[in-house]
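Multiple structures are listed underneath, in structure tokens.
One chain, chain A, appears in both complexes that follow, with chain B as partner in the first and chain C in the second.
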Partner chain A sequence: MIEPTRLLAMARKELIQLRRDPRSLALAFALPVLLLILFGYAISWDVRDIRLAVLDQDRSAASRELVDAFRASGYFNLAAFLERSGDVDSLMERGGAQLVLVIPPGFARDLGAGRTASLQAIVDGSDANTATIALGYSEAVVRTWSARVELRGRSVAPPVSAESRVWFNEELASRNMIVPGLVAVIMMVIAAMLTSLTIAREWERGTMEQLAATPVSRLEVVLGKLLPYLGIGLVDVVASSALGVLLFAVPFRGSAVLLMVLSFLFLMGALGLGMFISAVAKSQVLATQLAMVATFLPTMLLSGFMFSIDAMPAPLQAISYLIPARYFLVVTRGIFLKGVGLGVLWTQGLLMLAFAAAGLGLAVVKFRKELD
Partner chain B sequence: MSDEPAVRVEDLTKKFGDFTAVDGVSFEVAEKEVFGFLGPNGAGKTTTIKMLTGLVQPTSGRGTVAGFDIRTQSKEIKRHIGYMSQLFSLYADLTVEENITFFSGLYGVPRERRAERRDWVLEMAGLADQRRRLTGELSLGWKQRLALGCAVLHQPPILFLDEPTSGVDPISRRGFWDLIYALAAGGTTVFVTTHYMEEAEYCHRLALMNRGKLIALDTPARLRENMREPLLEIRADDSTRAVEALQGEAGIAEVGLFGRALHATLREGEDVEAARSRIPSLLEKKGIEVESVEPIQPSLEDVFVALVEKAGGAVVD
Partner chain C sequence: MRAKLERVFEMVRKEFRQVFRDPRLSRVLFVAPVIQLLAFGYAVSTDVRDVATFVIDDDGSRESRDLVEAFTASGYFRVAGVSRRPADLVRAIDRGEAVLGLVIPAGFARDLRRGVTAHVQLLFDGTNSNVATVAQGYAGRIVQSWTARRFPSLSPPAVDLRARAWFNPDLESRVYNVPAVMGALLILVCLLLTALAIVREREIGTLEQLLVSPLTPGELILGKTIPFALIGLVDLVLIMAVSLLWFKVPFRGSALLLLAASILYIFSALGVGLFISTISRTQQEAFMAVFLVFMPTMLLSGFMFPVSSMPAVFRWLTLANPMRHYLEIVRGIFLKGAGLGALWKQFLALSLMGVGILWLAADRFRRRSAAG
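Right after this comes the complex of A and B.
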């Protein structure tokens, strides 16, 4: 069925054309690195340096101690001391503070008398995610501080103490999660974009007719065109992984060989999908646009890269099974952060194999060498 | 291939929706023949050639090329033919040599013969000193020579050329036909479509197509002899007005400009001498000075125009 000479002739021709096309070269080599650096620096879900304003109406030793506790926590930056409660509105509107701590008069007195002292925290809820995290931090600071006040002068061990340990991403740095995820997202987009041009180009330039008149088969054309891009894709995976480790200091705990093997499967599918799009579109412009629409947003939003799949509504969860990067994302995060092996990742491997078969199958079926 | 003709088709038909592009065409092409396929645009030449080369499936009818069935053995056919399409369709961003290497790979030229075949093609096409140039930089004439070379890398017994010289200057065209003759002399059957009449003269046999139908098939000489309508060449001081004056005149089937003169095809059985005396008076009445009216041998173009006219005229697109 497949004649190696024809397959190699096809692959070699594609490689020569690729070498002479600066646009494709940039797409193949410069774009993945550029995207990784851009997104790697730009996306961060860590909330630090929250702008804090304080309205201290008590002006006592206790209130000053509490403010110091906020400062010492490392999560807050003291942005302003307010004089009057009227200042709160304008400051929040300008975005000068994300959290305002109001210490009412009588705070120290209540504490001294053993009554529950109340505090008010006003938070800018326009960024709900940051607001929740800021509230959580401030509650933690207050809790720790009040425990200290309660125990002051006595040394009694608290009845229960929970010690938490974070596994796999000890610093809870979102970058450690983002960079391996980015490798998956970028490879999906680049792979599909690269091959989306290749068959459409033959139609556009009229070379398909000459190709069609030779004994070369559809499978040979599709695989022959795929081969060079597969090589490029694997080089890209190595380059972006190395960049993640060297530039972003992301841990790499698993097997590099396993990452390559699973990347191979994933790339076959993504390249096949691009080829399928190319065969459908028959024009280079349309093909790139289709490839972009079909890969970029779905992969960003539904693969679990940005939003946890567990938290999605059921219909979106169902759709996410169709997003191939969903499986590859588990692979990259698993290999980078957890150092897991095939024992854990085999289901992902199988699913990507199925995706590769589907992508290539569709490309071969849809790609008609016949002209009518 | 023994006694089997190189190409044999019977009642070949291709429909695109309601439109019948090729309508019940039958013919045979003998081995080593240079077979010309003529017809106005839209006559169905290209569709026929695409059915013969396995690029398009016929709607009905039968055919064999190099002994293989065009409906079921298109893969085998593709191994045994060379095909050069109407538009230049090699890779412009590959060098001359890279194109040749690529197509030797696709045609499965054995590795040990590749260098020899490559050099042969470069030599034949006269491209030896341009082998490292990008194909896109060559002039159209050279591109077509390269395309021909790439189509015969695997030494196919049959070569299909679809308007190989359209848009090529006359001198390059002449050179191109020398190549075709050289290939035919080497035993290749050549099936070529063209709309250049002087090229048609180079063919051993000609098939004329119009509106999807085959309207004539013979050698160029016999086609001329068989034209029964007498032909007159008229020289007048104002040829354009003379054409207008004679159009629709009784006994005249067709008038057209041929350079500075005009050719008038008389209706079949019309008396030539009577027409010779009638035409000058007719024109002079309209104030057109007539220099001469002479009966002439029809050119292929005259034959062609008369046959197309008889078959209902060309499709105007």
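Right after this comes the complex of A and C.
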């Protein structure tokens, strides 16, 4: 059914067309690099340098010591010392501080008398994530400081001690979480941006009829058009993995061969999906919009790439099972960070295979129907 | 003047007809933003809830069960599996079925009763750094309050930190994210439509026809931007409606101010779109260029990743990003009810950028089309 010479001819045609548009090709390589740099260098969830304002109404040695403990923790940057409690409002509204620590009068007196001294933390909740983490840090600072004060009196061992250890990403850097996921996102980008336009363009320019008049079969058209993009995609996978490991020191603990094989399957599915969109849309404007909605956004949002699926409402969690990137992410993170092999990932491997078959199948069927 | 208006009007009409001739495209234009808002609104959540927890309870006592109960009752953790063999825990974490391993060793209850420090071990899968950081904070707090409840005789802590969150008391990230989605969707729609609309005419060859018509380049630009500005505004209303009625995001500020900011913001998006259309020859190129602009704009805007955690260089770069200023305005108006007094800096920046970018792009477009 597939004649290799015709298939290759088709692939060559597509390659020539791609080469004639060097800027598109350059962008296909520039985009992954840009994404890597942005995710690797620029953005992270790691909350550091929280802007802290202090309203010290006690002005005692103890209160100053506590403020020093906040400063020494490394998580807070002392942005302002407030004089009056009225200043808190305007400061918070301007966003001048993310956390305001209020030390009420009598703080040192209560401590000295052995009573529980209270403290107030006002956090800007508009960015809920930063606020949660900032509160967690300030609780930890206060807890340690408080324990130190208690110990000055007597020494008692705590009744329960919880030791926590972090595996796979010991320093809890968000970069280690993002870079392996980025491999999946980059592939979807390639599929969405390059493939989804390839058939729509032929419709729009009227060259589809010419193609239909040649002896090339539908399957050969789809596969032939796919091959060059498959090449680009695989180069992108290797390049972005290498950059991630070499430049950003993301650990790579598993098998590179396994990553390539599963990436290949995932890429086939993604490209097939892009072709399918292209065959459905027939116009490039529509194809771009569909590609965004159907491939790129779900991969960014619902795959667990950045946002945890566990925290999503049930209907969205159900939808996320339909998103192939969800499974592929388990693969990339598993191979990069956990160093697991096919023994753990075989379910995902089978799902990738099914996705590749479904993507290609859809593209061929839809394409045939449109042409006949 | 009259004839000029008429020509622009005709051009706008032509443009609208072209967009709406394809019913699928018009559906995508108005349905896609709503779907995207729903997806973003639900998925872009950094709330940490229902963390999958694998329990190894080697003690099997009433106390150990009570501690596990305290974890699940908090709502932050759910039990994903129970076993007595450590190998099962390792497998669950390897497969990504559990994020936290809670290990209660034998002798836990005995130690508690004897007054010896009882140990609990918490193993976190750090792959998702954000979830792990936040969950660590929650787990520490749960163990502490559980201990305090069991040992009321124990002296109260020396310092008691009382936290309050302003603007978003429940620390729900949705309230922070949904208004920001508006910024992402508006720029995407305006950018993509403007860039593609002009490049399409160039690709099909109808741009020459337009250039030899009595339309001046200025009128051509107006005719090409007004329709997309209007579509953007309709999308704005749609998105607002869904945010307020469906997500019930509080709206505390002035709608008029929001409209003014949105118009300035749309100006800058249209300007960038026009600019891309002057440098691209094919729609594919334009689409990729849009993407290349859109990704850093979104990632460096503080939409999902706080600007304050970026390195200094990138923090400076964000000042040139219209979306950053727009998001500060939108969030200020929605969550804090801030007025021009608190937001004038952002307004100034947005005005300069909106008018500046649009003017530069129009100028470049005019010269390019005059040159042929």
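Convention: the second predicted complex is superposed on the first by the 352 of 372 C-alpha atoms of A that agree within 3 Å, B and C clash if a C-alpha of one lies under 4 Å from a C-alpha of the other, contacts with A are read in each partner's own complex, and residues count from 1 in each chain.
Criterion: a contact is a pair of C-beta atoms (placed from the backbone, for glycine too) under 8 Å apart; a residue touches a chain by one contact, two chains touch by 3 or more.
Here the structure is a predicted model, which means the values were calculated and not measured.
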Partners on chain A (chain B, chain C) - clash or fit:
fit
Should A:P215 be classified as contacting the first partner (chain B), the second (chain C), both, or neither?
first
Regarding the shared-chain residue A:V47, is it in contact with chain B (first), chain C (second), both, or neither?
second
Is A:L111 in contact with chain B, with chain C, with both, or with neither (first, second, both, neither)?
second
After superposition on the shared chain, which partner residues are touched by A:Q284: those of chain B (first), chain C (second), both, or neither?
second
Looking at the overlay, does A:G361 come into contact with chain B only (first), chain C only (second), both, or neither?
neither
Could you let me know whether more residues of chain A are touched by chain B or by chain C?
C
Could you look at A:R6 and tell me whether it touches chain B, chain C, both or neither (first, second, both, neither)?
first
Applying the touch criterion given at the start, work out whether A:Q17 contacts chain B, chain C, both or neither, answering first, second, both or neither.
first
In the superposed model, how near does chain B get to chain C, counting Cα atoms only, in Å?
13
On chain A, which stretch or stretches are contacted by chain B in one complex as well as by chain C in the other?
21, 205
Listed in rising order, chain A residues that touch chain B in their complex are 3, 5-6, 8-10, 12-13, 16-17, 20-21, 205-217, 370-372
Which residues, counting only chain A, touch chain C once they are in their complex?
21, 23-24, 27-28, 30-31, 34-35, 38-39, 41-51, 66, 92-95, 98, 111, 116-133, 135-140, 142-143, 145-147, 149-150, 157-170, 172-174, 176-177, 189, 193-194, 197, 201, 204-205, 281, 283-286, 288-290, 292-293, 297-298, 301-302, 304, 306-308, 310-313, 316, 330, 333-334, 337-338, 340, 344
Which bits of chain B are touching chain A when the two form their complex?
16, 50, 53-57, 75, 78-79, 81, 83-85, 87-94, 98, 101-108, 111, 147, 150
Going by the contact rule at the top, pick out the chain C residues touching chain A in the complex.
22, 24-25, 28-29, 32, 35-36, 39-40, 42-52, 91, 93-96, 99, 112, 115-134, 136-141, 143-144, 146-147, 150-151, 154-173, 175-176, 188, 192-193, 196-197, 200, 203-204, 280-285, 287-289, 291-292, 295-296, 299-300, 304-306, 308-311, 314, 328, 331, 335-336, 338, 342
